[in-house]
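In what follows, subunit A forms one complex with subunit B and a second complex with subunit C.
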Partner chain A sequence: MQGIEVLFMGNNMLRLLSGLWVTIRISLISIGFSLILGTLLGAVMTSKNPVVKAVCRVYLEIVRIMPQLVWLFVVFFGVTKLTGLNLGGETSAVIVFTIWGAAEMGDLVRGAFLAIPRHQFESSLSLGLSKTQMYVFIIFPQAIRGLIPNVINLSTRMIKTTALVSLIGVTEVLKVGKQIIDANRFEYPNAAIWVYAAIFFMYFLICFPLSMASRALTKKQQGGE
Partner chain B sequence: MDFEFIKKFTPMYVEAARLTLIIGVIGISLSAVIGLLCALAKYYRIPVARQIASAYIELSRNTPLIVQLFFLYFGLPKAGIVWSSETCGIIGLAFLGGSYMAESFLGGLKSVGKIQIESAESLGFRRLQTMRYIVAPQAASTSVPAICANVIFLLKETSVFSAVSLADLMYVAKDLIGMYYNTWEALLMLVAAYLVLILPISIVFTVLERRLRRAGN
Partner chain C sequence: MSEHIIDINNLVKHFGDNAVIDGISLSVSKGEVVVLIGPSGCGKSTLLRCLNGLEPIQGGTVTLHGEPVIHGDKSLYKVRQKIGMVFQSYDLFPHLTVLKNIMLSPIKVQKRDKAEVEAKARELLERVGLSDKADSYPSELSGGQKQRVAICRSLIMDPEIMLLDEITAALDPEMVHEVLNVVLDLAKNGTTMMIVTHEMAFAEAVADRVIFMDGGVIVEEGAPSEFFRNPKTERAQRFLKTFTYTK
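So, the complex of A and B:
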């Protein structure tokens, strides 16, 4: 069971962490885009127009029903083949996770908007606010409170899902781990168990505080009401 | 679009889908068992078991399945534990799913009001009877939507198994892309295969949920 030294040899730990940063960066960018697009989508989804509603619903269901890995393959291999455009692994990942995140975020925002009492909408309109003003100044500030724990949960889900990008050739933490294991194959044949355990705990250390925060916020909000 | 290609390789996808389904069903059933045990340990506040269940739930919920699988498939053999990729897939899925199932079951159990339990006790029900006749039936119907969502989520997660060289749908698709370069046909069949697998389950669950909601009100 030896081989734990491998983790601390040379700059191995630093390399693992920089590999982790690649996935975190992809998730942060995708989460950022999803927040913006998802909020807009959520507002659109509350529309009464049946066509708009149906289109949003179909979009959400299509994105949800496929495993994210399938979408990564479709964009990474398929779009390249179709358009001749050479999308990198990271770009494909950001596209896929943004499309997925925006759909999930839109659904959360829709739920939060619908939870706001109707009279808030009606009062703001009767006070002469425009639709945009109503959403920006009245609805969104009230919705955001209940939204935050859900958004944190979605973020942890996205961070966990970005671990898949190693399968479309992005050199992230799992790939770096494999490189370290292969480089030390002869001196430290047992390195694999330590490297993968280290990666396991790295993800845990990122996602666990986020889950705790989300749970604490939910509890606080439920207790306060 | 090369239809000959599609016709020729459809059996491969069917075979892979069967494998995905078998491993998915076994893994999900195991995860339901683990989840139920954890939920009961937490519900009855059984010392030690409760802490173990909590630690397990946090560990499993806050890490990606692919990392868990890599640890099982590439890491553990170094400690002398060698599992086939099928076993790794089943264990990985059960490990991940157990925590999600536990949360759903626990949510259902906790949704049964205290007054119900107190009434049962005052009517002379024993603890096991209270669980069997009062708590469990109500908890089951409230936790069904969450459990259905988990089943679909876990079935989708099986797509990761190709990373530990299990010949599932993703694996077949990647293989065909690599060998014949018929990217679109291979991807189209991949999407179709997952639709065929998941869409019917999703529809059945939606109907089930709607009926339960009507029964609840």
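So, the complex of A and C:
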């Protein structure tokens, strides 16, 4: 058990938790923006206009092809270099994760709408519903039911990927962990395993309930209800 | 002749260069049951879809009680409340219970009183033998049960005419009967209907008038007894022959 005491020395645990808060903060803000912008993007992506479709497609593919780390560097260093504007690490992180999240979310929303059979639209209209009523009462509820598990999955992916922001100088939970390990390298050479275990546990505590919720919802849907 | 519910005048409908409906004129009177039959792709389903404005048309007119039915026009919302349509695919709303499926449009579209609508919905479910399914979700029903609910969902709007588009085509044979019985019952009670079907025995039983379509035009029409026993045109004869199995 040698090294575990490092976790509880001084204010180490508090530091880890405040690092975790940075992780959660970046994730939550990015997920929030992604939800809003992604829904709009998804609605635009269902457009039949070929130009609109192509532009959306290109955006989505570029965001997907480039690793998130490259995006972080491009925004954090590139924007400053080009405009002289000094974006903070956290702001850059939120921008990058929103660009990414909105693209993925847009694709999910698009898919959710296309998955609704044509006759759901037709029978709504045949019953005399207006277009607005059709979307509010019939189409959106079904699309959202299909979306929730996927949105949760995307959120857990985003939370885990925020670990990259330490590379642009943001001190999130993983970075704090590294600092603690480095500070105790000689006195407690085995501290690393315990610090990483603690971080693992923290990520697990955030992501596992989300995964469970997603699975429960998927199951519920396959039950049809 | 009693009053006309629907008048179709020289209707033309193209898909691309293909004329699916090539000049059809036809009227349906109040209380009349018209059955449309014909080979696949002859335009009978498309004809029904044109009647409530689901398809744009390229020529001719459709009127309901003298009111024109125009695809994409605002007036359609009014017109469609008077036209009940049931499709081949089970088209219930999967996220709503049976009762809510039926109650949605009378409440939201016709702004009727909720208590009155619920009483009416339960009465309709009883009539089609599904009163115990009111709180079930569509996924818990068989195909035949779903179609019976779909019929109730249209009926509750008090439509002037019901359009039934091959409503038994996707059903297992043992479920066809229960659905057709409901339709037969409607016919007896004087519901005006246009029915597209491949069930010839049913067509003969339910129809006041049979219309045989092929290639986008009406080839022959007449009373069912006349048409099924003694088809005049060669095309109708050939078509009816495909339904009798001979070695």
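The rule is simple: the second predicted complex is superposed on the first by the 201 of 225 C-alpha atoms of A that agree within 3 Å, B and C clash if a C-alpha of one lies under 4 Å from a C-alpha of the other, contacts with A are read in each partner's own complex, and residues count from 1 in each chain.
Following the convention adopted for this analysis, a residue touches a chain if its C-beta (ideal position, glycine included) is under 8 Å from a C-beta of that chain, and two chains touch if they have at least 3 such contacts.
These numbers come from a predicted model, not from an experiment.
Asker: Contact-wise, after the overlay, does A:L127 reach subunit B, subunit C, both or neither (first, second, both, neither)?
Answerer: Touch partner of A:L127: subunit C, not subunit B.
Asker: Taking the superposition as given, does A:P117 touch the first partner, subunit B, the second, subunit C, both, or neither?
Answerer: second
Asker: May I ask you to decide whether A:G32 touches subunit B, subunit C, both, or neither, giving the answer as first, second, both or neither?
Answerer: neither
Asker: I'd like to know which partner A:F204 touches here: subunit B for first, subunit C for second, both or neither.
Answerer: first
Asker: Go through the superposed model and pick first if A:I65 touches only subunit B, second if only subunit C, both, or neither.
Answerer: It touches subunit B, and subunit C stays clear.
Asker: First (subunit B), second (subunit C), both or neither: which does A:F137 touch?
Answerer: second
Asker: Between subunit B and subunit C, point out the one touching more subunit A residues.
Answerer: B
Asker: Enumerate the contact residues on subunit C facing subunit A in the complex.
Answerer: Those in contact with subunit A are residues 52, 54, 76-78, 80-81, 83-85, 87, 89, 91, 93-95, 104-105, 108-110, 137-140, 150, 153-154, 157.
Asker: Note which residues of subunit A are touching subunit C in the complex, please.
Answerer: Going by the criterion above, the answer is residues 117, 119-120, 122-130, 133, 137-138, 141-142, 145, 223-225.
Asker: Can you list the subunit B residues touching subunit A in their complex?
Answerer: Listed in rising order, the residues of subunit B that touch subunit A are 58-59, 61-64, 66-68, 70-71, 74-79, 156-160, 162-163, 170, 173-174, 177, 183-184, 187, 190-191, 194-195, 198-199, 202.
Asker: In the complex, go through subunit A and note every residue touching subunit B.
Answerer: For subunit A paired with subunit B, touching residues are 1, 3, 65-70, 73-74, 77-78, 80-82, 156, 160-161, 163-164, 166-167, 174, 177, 181, 189-197, 199-200, 203-204, 207-208, 211.
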